[in-house]
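Following this line, the structures themselves.
Note that chain A is present in both complexes that follow, paired respectively with chain B and with chain C.
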Partner chain A sequence: MFVIGERINGMFTDISQAIAAKDKKPVQAMAEKQLSAGADALDLNVGTKVPKAERAQVMQWLVEATREVTAKPLAIDTPSLEIMRLAVAAASAKGSAIINSTTGQQDKLEAFMKLAKEFNAGIIGLAIDEKGVAATAEAKVEIGMRTIAAAMEAGVSTENVYLDPITLPINCNQAAPGIMLETIRQFKLLSDPAPHVVIGLSNLSQGASERGLINQIFLVMAIVAGLDASIHDPLDEELTDAMITAELLLNKTIYSDSYLKAYRQK
Partner chain B sequence: MTMLEEAKEKWTGAINEVVIGATKAEGGTRAAGVTIGGDKSLPFMHYEAPIKNRPIVALEVWDREPDDWPQPLMEALGDAVKSPVAWAKKGIEEFGADLICLKLMSTHPDFGDATAKDAVQTVKAVLAATSAPLIIWGCEHDEKDNEVLPRCSEAAKGEKCLMGVVTEDNYKTLVASCIADGHSLIGLSPIDINIAKQINILVMEMGFPANRIVMYPTTGALGYGLEYCYSIQERGRVAALSGDKMMAMPVICMVGQEAWHAKEARAPKEEAPDWGDEKTRGLFWEIATAVALLEAGSDILVLRHPAAIKATKDTINKLMA
Partner chain C sequence: MFVIGERINGMFTDISQAIAAKDKKPVQAMAEKQLSAGADALDLNVGTKVPKAERAQVMQWLVEATREVTAKPLAIDTPSLEIMRLAVAAASAKGSAIINSTTGQQDKLEAFMKLAKEFNAGIIGLAIDEKGVAATAEAKVEIGMRTIAAAMEAGVSTENVYLDPITLPINCNQAAPGIMLETIRQFKLLSDPAPHVVIGLSNLSQGASERGLINQIFLVMAIVAGLDASIHDPLDEELTDAMITAELLLNKTIYSDSYLKAYRQK
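Take a look at the complex of A and B:
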């Protein structure tokens, strides 16, 4: 599993305060904590408190702060093409970047794929288009297909493409997780080599009780369906243990008595 | 005509590179060190990734004359078996081995119970007699090894030897010595991939660097579980190439020891008249085992018969060409 740590996000108080105080230290500490917990990449999101006009500058600052402590891939989490370009360029100067994300409208796909090609970046394609969030597996897969086609057109290898079926809160739509699982299975059949499939896990339990349990169980179910990347909190030890164990039970890793420790020593 | 594209596997991991032997400039006295590992593809898949370091061949040398080795093997080795120094010298100069695997058999309580002091003398004498890198192998009696090997490690400090063996139940003493004296380590697991991984984790938890560990997953000879050993090694290699860093250690195989255990290798002509010339039968058994394990992804093959060393090295040359 390719884990993208979600904790550097202005939605969290500690990061939001660090942004307001222009204090790099809490951001860098959070980067290091997530990486030592096993994160393969770090998501960067300025959050909603930063005024729109300042977001480009704050994102640049987040990239700069994080790059001072790691060369691991940085997932630039913004819908703005302009901010994306600046931040991807900055992140790619030392390591690689992941575009998080593009939606499935043709013009957006073309613009973001061009950027992915230019910087040899990963790119997350959401199952959203001009009609909004695709509700059925068929509609999600159709957007996935368009995303793959746009990647091929732009010369972006499918190994750099991450399809996201879109996670909705369980207390809003209880049929959604089942549809997601079906979508994940079908996404993996879209090309050879198959695209990666990623989810923004935490959204599933937004506003629900038993958040940890819901996240854990669904992550395991999604891994069985073919999920190979996830944006979540790697500091959640129980979630991480469940993920490692799921991969072990699927024979994707080799057992040893200290297999949980082995993952964290990687 | 359309050309079909070659189907190439894209691996994300690589086998660790381990250096055995240190030159004067590096703090030792060897003429040159030898590097193993570094593969980024399955064995000899040159078209997937260039193979940086070829597999190497060590001669198994004991510190006492073996008393149950078959006649044809003893004849091929000659009088050298009476002295580890002469044996090691001949191994490098005449037989063409890349390095020596010195087994301190005489320190075993059942095979002479030689002291740590004796063992240190032997190690020093062998180091002085040849300038090739050295593997130092205990007698596999835990208590005795824990007494003898730290002293040998200290005596060979700076030479970057490869020392063995550690097991899941007995590793702390030798790990500490190898950290202090700069040697690499062999982790033994009984044809069990889970235990092989566990030993690597335990050893690394003590702060031992990954690029100084070699795995010995134990070897089976032709006819005695070789296929199973092959599968285990291959599975470990696939896991390592897929990114499992706890399996990314190069592999050593005790080929001679296992092949010469087989009754097909040992039986004299009068016992097995239909099995062919006993002079070459054991030798062929050793070569067949060695070549199969090369293909499984072995990085160091420890052999006994001089002609097996030559044949295995010839095969490596062909596979590398």
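Take a look at the complex of A and C:
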């Protein structure tokens, strides 16, 4: 599993305060903590408290602060093409970037895929288009197909594409997890080489009282269905234990009595 | 999920001591504890410490002690046809019995299916035959087909049949969980109505240091694959939470913020 750490996000108080104080230390400490907990990449999101006019500058500052401590891939989490271009360029100066994200409207796909091609970046394609979040597996797969087609058109390898089925919280739609699993299975069949499939894990449990448990169990189910990337909190130890054990049981890692420790020491 | 509580088994010290002292109280208390934790049936096993000559009598005593506190199905856990007949008859006097178990040799299948028909009992068919434990999904399914055919021949409804893929511990064969999942998927397709699929969950984690976690994660995976019955410890709260959450995410139970409590109060 390719874990994209979600914790450098202005929606968390520690990061929001660091942004306000222009203090790089908490951002860098959070980068290092997530990486040593097993994160393969780090998501960067300025949050919603930063005024629109300052978001480009804050995102650039987040990228530079993080790049001082790691060359791992950085997922630039913004809907703005302009901010994306600045941040992807900055991140790509040392290491690679992941565009997080594009939606499935034709004009968005073309613009963001062009950027992905230019910087040889990964790109996350959401199952959202002009009609909103696709509700059924069929509609999600249709947007996935469009995303793959746009990648091919732009010369982006499908191995750089991460399809995200997007979910509603389970307390809004109880069929959501089943639809997600079906979509994940179908996404993996859309191209050869297959695209990656990614989820923003915590969306499913938003507003639920047993968030941790729901995240754990759904992650296991999604891994069986073919999920190979996830945006979540790598500092959640129970979640990480569940993920490691799922990969062990699917024979993707080698058994030893201390397999949990072995993962964390890698 | 149909949960068969595994705790009335002479391999556990509390039950072994109760058997030796002919003290019904601990057996009955364990029956009630498992049922209030959600068990749908109770497995009864005299263990290996009881001398062979006394096993029939001890099993009968276990059935009678348990029947004083519940009319729920009792799974009679013995390889002996003679003990099975006595205990199934005793259990069926008030409520139903599950034959746990038959192996897949033709003569065994015929004898145990005849007994299942006579008492309208459930019957667990293991993926074991004269060649030992079937190692591949194909070989397991072949025994499953033979078991279903024997049930039909004897007039036992396939809804009363529980197929058990049988597993080796993960520390002996790391491919075991994947083979189990594949077998579970195929078992469900063997007849219409489909047979139940059951596992003795704890076998997989035998000898592993992270037994609880491995049991939890595998149970979730097996439920997605089609498992609908499990022999395990219903007093293991984390395991039960994982199971309840898996069923919730597959839309088999209704969401409420207090879904964990709701299960336990049912």
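Odds and ends about this structure:
To be clear about the criterion, the second predicted complex is superposed on the first by the 266 of 266 C-alpha atoms of A that agree within 3 Å, B and C clash if a C-alpha of one lies under 4 Å from a C-alpha of the other, contacts with A are read in each partner's own complex, and residues count from 1 in each chain.
Heads up, the rule we're going with is that a contact is a pair of C-beta atoms (placed from the backbone, for glycine too) under 8 Å apart; a residue touches a chain by one contact, two chains touch by 3 or more.
Please read all numbers here as calculations on a predicted model, not as lab measurements.
Shared-chain residue A:Ile254: touches chain B and chain C both. In the superposition on chain A, A:Val224 makes contact with chain C only, while chain B stays out of contact range. When both complexes are overlaid on chain A, the residue A:Glu32 reaches neither chain B nor chain C.
Shared-chain residue A:Ala262: touches chain B; no touch with chain C.
After overlaying the two complexes on the shared chain, residue contacts for A:Glu64 are found with neither chain B nor chain C.
With both structures placed on the common chain, the touch criterion links A:Pro177 to chain C but leaves chain B unconnected. By the touch criterion defined above, A:Ala242 reaches chain C but does not reach chain B.
Of the two partners chain B and chain C, it is C that touches the larger number of chain A residues. Shared contact residues of chain A, touching chain B in one structure and chain C in the other: 254-255, 257-259. Residues of chain C touching chain A in their complex: 170-171, 174-175, 177-178, 181, 208-210, 213-214, 216-218, 220-221, 224, 241-242, 245-246, 248-251, 254-255, 257-260.
On chain A, the positions that touch chain B within their shared complex are 159, 253-259, 261-262, 265-266.
Against chain A, in their complex, chain B makes its touches with residues 10, 193-195, 197-198, 201-202, 204-205, 235-236, 239, 244-247.
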